[in-house]
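Just below sit the structures, each encoded as structure tokens.
In the two complexes that follow, subunit A is the common piece, with subunit B as its partner first and subunit C second.
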Partner chain A sequence: MVKRKIPITIVGNRALVFDLPDIKILREEYHVLGVLSGTLPVAPQQSIFLSVPLQLSIEEVLYLVAMGRAYLIHEKQVTHQFFETWTDEDTEKYLNKLWEGHKKDIKQKQREIFEKRHFFLQKTKKKQQRNKQKTEGLQSDIGKEEGISNHDLLAEESQKEIEVDSSNINLIFYKTEDSSRGLSNYDWLVEIIQHSDGFQRRMLFGYIKNHLINKYNGVVDVSHLEIDNLIYDTIDNAVAVGTAGVDLEKLRHRCDRLISSVRFIQSIHSRAETSQYYVLPGLKFGSKFVVYPGDPLRYHSHHIVNFFNWDEEIDLMRFVNGGRLAVGVKKLWVVSGIKPKEKIKDAESSSNSATEEIDGFINALFDGNGDKEVVNFSVEWAGFG
Partner chain B sequence: MIDEDDLLLEEFTQGKSSIPSEKNPGEEDEDQLDDEIQDWGSFLKASNIQISGLTPQSHIVPKRGDKGFEPTANNYDNLLLQNKRDIMYATIGNSSRGHHHKNHVEAFWSADASSNEGEEQYAVVPKPKGSAFNSMGIPSSQRHIFLNFEEILYLVERGSVDCYLIGNTKDASEQKALPMNLQMCYSAFLKSSEDYDMFYVYSYLKRYGYVVRRATEDIKRPPTVNNKKRGPGLSTTFWNIMFKKPLLTVGSIFYKLLGAPLLAVLPKLRVLLSRYSWSTLYESLYATSYGTVLDYENFKAVDTSKFKIVYNLWKPNNHQKANTPPDFQVIIVNTNLTSLPTVDEIKSIFKKCYDHDRILIAILDNGMLNFIKPTSSNVGGKNAYLEGIKKQLKRKRNNNKSNSNRGGRSNKGSRGGKGRK
Partner chain C sequence: MSKFNKKRLLSIYKNPLPIDLIYDNDITFVIPQVVAHNPVSWIFFASSYLKNCLEISGQLINNTGKVHQSIDNSSQKIVVKVSDHDVFKVEIEIGTPESDAIKLWKNGFFGKGILSRSEPTWYERTERRLHLKDQYSEKDLTSEEITALRRNERKKFKQLRESYENQQLELERQISAIIDRQKIVSTKKEMLEMENDLKRIQRELEDLKLLSQQNQDFRAFQSSHKVKLYEYAGPLRPDDNALIINDPTISDKDKRKLMQLEYLQLMPVEAFFLQLALDKVKVFPETTGSNELSTLELFQRCVDSYYSSTTPMSRLAGNEKFLLDYAVYHHYRSHGWCVRSGVKFGVDFLLYEKGPPISHAQYCLHVVENSGKNMEDFVEYSSLNRVIGGVRKTLVFVCVDVPSVSTFQKIMEKIAIEKDITEQQKLWKKLLNQYNITEMVYRRWVPSRNRD
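Moving on, here comes the complex of A and B:
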């Protein structure tokens, strides 16, 4: 079976999925969960059960893209183009379609109401009859006849009401669709503009760059605030601008962290014995990831995973803390990282700009053998003494 | 705005929603802390959603083995999982966003205005309807309401508003309107990663019923700050009485002349004087200075542009009067972008806010949200020894009272008192 590529919407430098069938594929075939983060309209006063959009972490996105299972959509651009090509005719068509839908809705609702009313009436009638029978002790021949005539009446009346439905405007339901999928222009735009390799590469660059370099993380001087918005104007701007004044050392550190966490997901899904594992963000346990042995809908998590660079010093207190915490919640505290390659060391000396650094990162990402370098250690509190 | 579903859900969440209770939003149930158990099946039952293909019998998952340790290869296990997934998909797929004609509200977002950089863009609601607009948006003179991007997006996502993208046609002769779906709304309204985080926190808080407003810089009140203090040791009170109060200037001269040699003798003097009572002895033992984080003079103001106070929160009942100070103020932090504020940064934030106890830091990690509350308290400022003594005295007095008052039932009363200890 050829699996189709999942379109991932990039909005505000966040990766979102709006289409339910796509969410199904991600979950069941690629074992990528994401986090549902939209208000569930049937129950808008709670945050435990949420609806689309599905929010994906950057690691999940990079994993999917590196495996050729997804592509990125510059949603701002597509919406803009979509609006440009939208004409009054389309509006008319849309309204007509909407009105037809509304009429159907009204019919359905009216029938429902009608049937409910009839059901209720018949119930009360039957009750009355039963009471009569009890008191008078008569046979129910007449009752049966009445039942039949009632049924005819129901059919007749429902026919009638369907004909004169447009008057009852209050039954119209104004629906807001979740995703743009299925709008003919939209699909066409995505296909034509967004799907080329060159565009995808630039898109990926912008997405990663905005994640690694922003005003918050100290990689860049705070005075370069404007970089945050760039990906949302045009994709070319996003690639060219915003890499000045970057602290290369910090950028490299963040690159290494990011690649090791992507590699971790890759390694989990590539090996047969661990292929059933699922990954969720680890905020609840103060780590990068929490790893589940099966779908989190059914199973508790087993691992609390942290990432460190190969030469990075790890505070011993974090070890003790993590180990004790993990044992306390019946899990394992895992330290993960990747072995440095000779090539990366060369690149360190050669890359002089942030652009080169990120380019190198993307090249490394698509390098297929990366997941073999992942090294994991688990830490357990001995609980001794 | 509030319809049957809301009420049903309130029943369903069983007090988990923090609107009526006095719980802080940060406090969550313990089982949620361990592992978020999303039982969509029980949710389905509680919320009474009609889903085609899933008869009530088929989606009742057996209670036992709600969540397992790890997957086994047997079919029953897979069946349970598939069942749970199907229920989840069906719930999401069948709960359509929208509203009936009676509550129909339209909003408009201009496609052309987005070129003005730096200026905030608003959605316009020409005919606002419903109670949601009481605590939202900026009303204009013509009874229109202007909504922030997070407000309009929240309403669209909730299904309460129909939003249109409006703009000129290519030859700029006429206007056209594009009915927006949720995906278009996200892409049109959100411009940066900051915006997304703001929207996420906003809708989270709105779902729990808080009144959420943007915090603007001009509503600030300097917090009441105690000056740097030393403990009220006997020596200082001694000096106060002797010199500072009656003869301030003379006192200071005296202090300059005699103070230094006297201070050298003081420790011995202090012990001598402290013999008067236990409380004075305790007081004399104060060696270190104390105060809140803000009290120290070496406070240096730091740039806190990274940690702006983004939202003011009110509990729904507290928002009736204008100018009520907010119940909470929220700062948003994304774990993937930055680290937590440093002490200096927290101090700077404290300087700007209404009240130290009302600051919440919302920590976001790819859709996971957690609130923490930095506070500063003046532990040394409380006379723990005195309060302890007072409490003991009070308890004794109460016991005596209850004993004498209850007379015959004194036995019972005293037993109760002991139990409480």
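Moving on, here comes the complex of A and C:
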């Protein structure tokens, strides 16, 4: 059975999942946790009590997309298209549906009230019968027929009482769907978004570009941070925004770091011995990720994972620091990276613009065998004396 | 640490720097005894106190009581050898109580014994371990030995506790076995025997319980059991034998001597500080027959020690890591702190208020160049702070403003031509004045935890 792809909504430059069943699938099947981020502005909660939407990190998004388990939705554009394709007929259909639902609700309510009363009447009847039996014991022979007629009377009475006037039921609340899935043109819209490859790629490009370039360059103008500029355009036009004057060296560095962390998640989930593992952001341990041997609600993490590029120099002080840190919290400090293929190196050296770089990045992302290149080393602290 | 112990340590490590002070006029401060019930003694005390005070202040005003650094210290200069791999070594002489290395350690805690935790104690420890010297008191023990002893004691304590527990279990097992058997036997004689056995074992168990109860407290164990640090006293292992100087003239077993393998290693900043700021050392290359290094040559060696190859002087800039480190080192040394390497915590330096034996380090210094470059990775600092927070120290970012390349090169060129030593000193001072230091404390702040 082909699993349903999960829609990831891009709002601003954040990747969000709104649907509760989707979040369940992410957690239970794909071991992607994300961070719950929803709250009401009037009643802000502490971070442990937050609710949907679930916010995903870029690594998680790229992992899911690369594995073909999710697709991206541009929130603004979907809303826009939704209203564009929405007809009066749709409105009528929707209202009818709502009304049907409402009627159903009323019937449900009616039945509930009926059952309640019925139950109550049954109880009182039994009581009366019991009382009668007691009195019958005393005056044994007095009119059996009377008793029967008495019983009939009671039943009649109860029937009358049970009938519920539907006009008296006043439901204030209408139940609506908690996702837009029920809307009539939703399926059709999603179909388009999901299966138009060019569009998915443009979304991905915009999302990655914003993460790699605009975020680091400290772009103050917020409009640059949004993907809008990329959606309706071709890639070539969109590149003009924000990519001029980018330090290619740095960009490549960030690309490599990003891909190694995505690959790491991929490798964790694809290898049999670590398939039960969960990966969470590791800022509290001063690293990129912490890895749990099972659901983080049940286990402590075992590994602190850092990423370095293959030929990057690492200060020995970092090792001292990492080793000490890991021992202090009884974990293992892991250094992870990707062993480069010769071919990739050639391709890298030929890219001479930010667009090509990111394009190459996306191509590399969909290379199915990528997770086999991941190399991990663990560092432990040892001392004598 | 007890107050007495601290006082004793402070009397050993009196000077914050290896500078000998010579007092021209010894200021004597004679105060007569005060007898509480004798008012005359009060008056006598007050008058002599005032007199003394006046005398001292007069001396200070007239500048007659001169306190200054001894000038003639060329003979006392400490010899530092620098190896081809830029390791700065100070030899530790045996038998002399105030050898150069010990002097450097005692006055300001310079360097580290390469085979010890920090104070060079390898020789003493090994002497005791090999039973070449068996007369020593508990006071002589080095910090490494104290740690080892404590670990030994704890190990023994746990072993004893475990053995008690095992014995107890065994006795309980026996009792239950007897009770089980009692159900089967029928003759009265056997019954009686068993009853006796049971009583005997129960008594043993009581005794054992009492013993193990006494052994619950580690302190009590410490006072009642004398744990030896070096228990093994058999023949020497071949690798230990190799440590002993092979001298055919000494036949007596007790007079064998140990080789000194340890030396005191100085950080490049320490060596340079001792040379430039205190003029206390002479640095020689380890190859025989070489001349003493000039300050400039030493500087070059120090800079090179940070890299695997030599950098020519003309290519140096003001933001060399050695220079940043040195500026920071000099800054805190001149403020009276004891600065030591912080490599064990993953930082550049540690700041001790007095020194390692007296108190723990309070601050960890992370040296950064104060350039406009933005930080790429803040996660690294988070991990640094977690480690330092874990050992209850404070992380301080020391931001150093560096001179421009042209200013730096100009001064360096002048230093290179200058022959006069005092003039050169002034130029070095000018160079150091180009560096500014700003401190910034980095701390984790959690609103829910740090409210009070």
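Assume the second predicted complex is superposed on the first by the 247 of 385 C-alpha atoms of A that agree within 3 Å, B and C clash if a C-alpha of one lies under 4 Å from a C-alpha of the other, contacts with A are read in each partner's own complex, and residues count from 1 in each chain.
Here, contacts are C-beta pairs under 8 Å (C-beta built on N, C-alpha and C of every residue); 3 or more make two chains touch, one makes a residue touch a chain.
Model, not experiment: these values are computed from the prediction.
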Which of subunit B and subunit C A:52 touches, first, second, both or neither: first
Partner chain in contact with A:283 - subunit B first, subunit C second, else both or neither: both
Subunit C versus subunit B, contacts on subunit A by residue: B
Which of subunit B and subunit C A:366 touches, first, second, both or neither: neither
First (subunit B), second (subunit C), both or neither touched by A:119: neither
Touched partner set for A:322, first subunit B, second subunit C, both or neither: second
A:99 touches, of subunit B and subunit C: first, second, both or neither? neither
Partner chain(s) touched by A:13 [first = subunit B, second = subunit C, both, neither]: first
Contact residues of subunit A, present in both the subunit B and the subunit C interface: 283-284
Residue ranges of subunit C touching subunit A (in the complex, touch as defined): 117, 144, 343-347, 374, 379-387, 390
Footprint of subunit A on subunit B - complex, ascending: 5-6, 8-10, 12-13, 16-17, 19, 33-36, 38, 40, 43, 47, 49, 67-71, 77, 80-81, 84-85, 88-89, 91-93, 95-102, 104, 111, 117, 154, 156-159, 162-163, 165, 167, 169-170, 174, 176-184, 186-188, 190-196, 200, 203-204, 207-209, 303, 305-306, 334-338, 363, 365-370
Complex contact set, residues of subunit A against subunit C: 218, 283-288, 317-318, 320-322, 324-325, 328, 385
List of subunit A residues in touch with subunit B within their complex: 9, 11-14, 16, 18, 20, 23-24, 27-28, 34-49, 51-53, 55-58, 75-76, 78-80, 82-84, 86-88, 91, 94, 169-180, 210-211, 214-217, 222, 228-229, 232, 276, 280-284, 293-302, 329
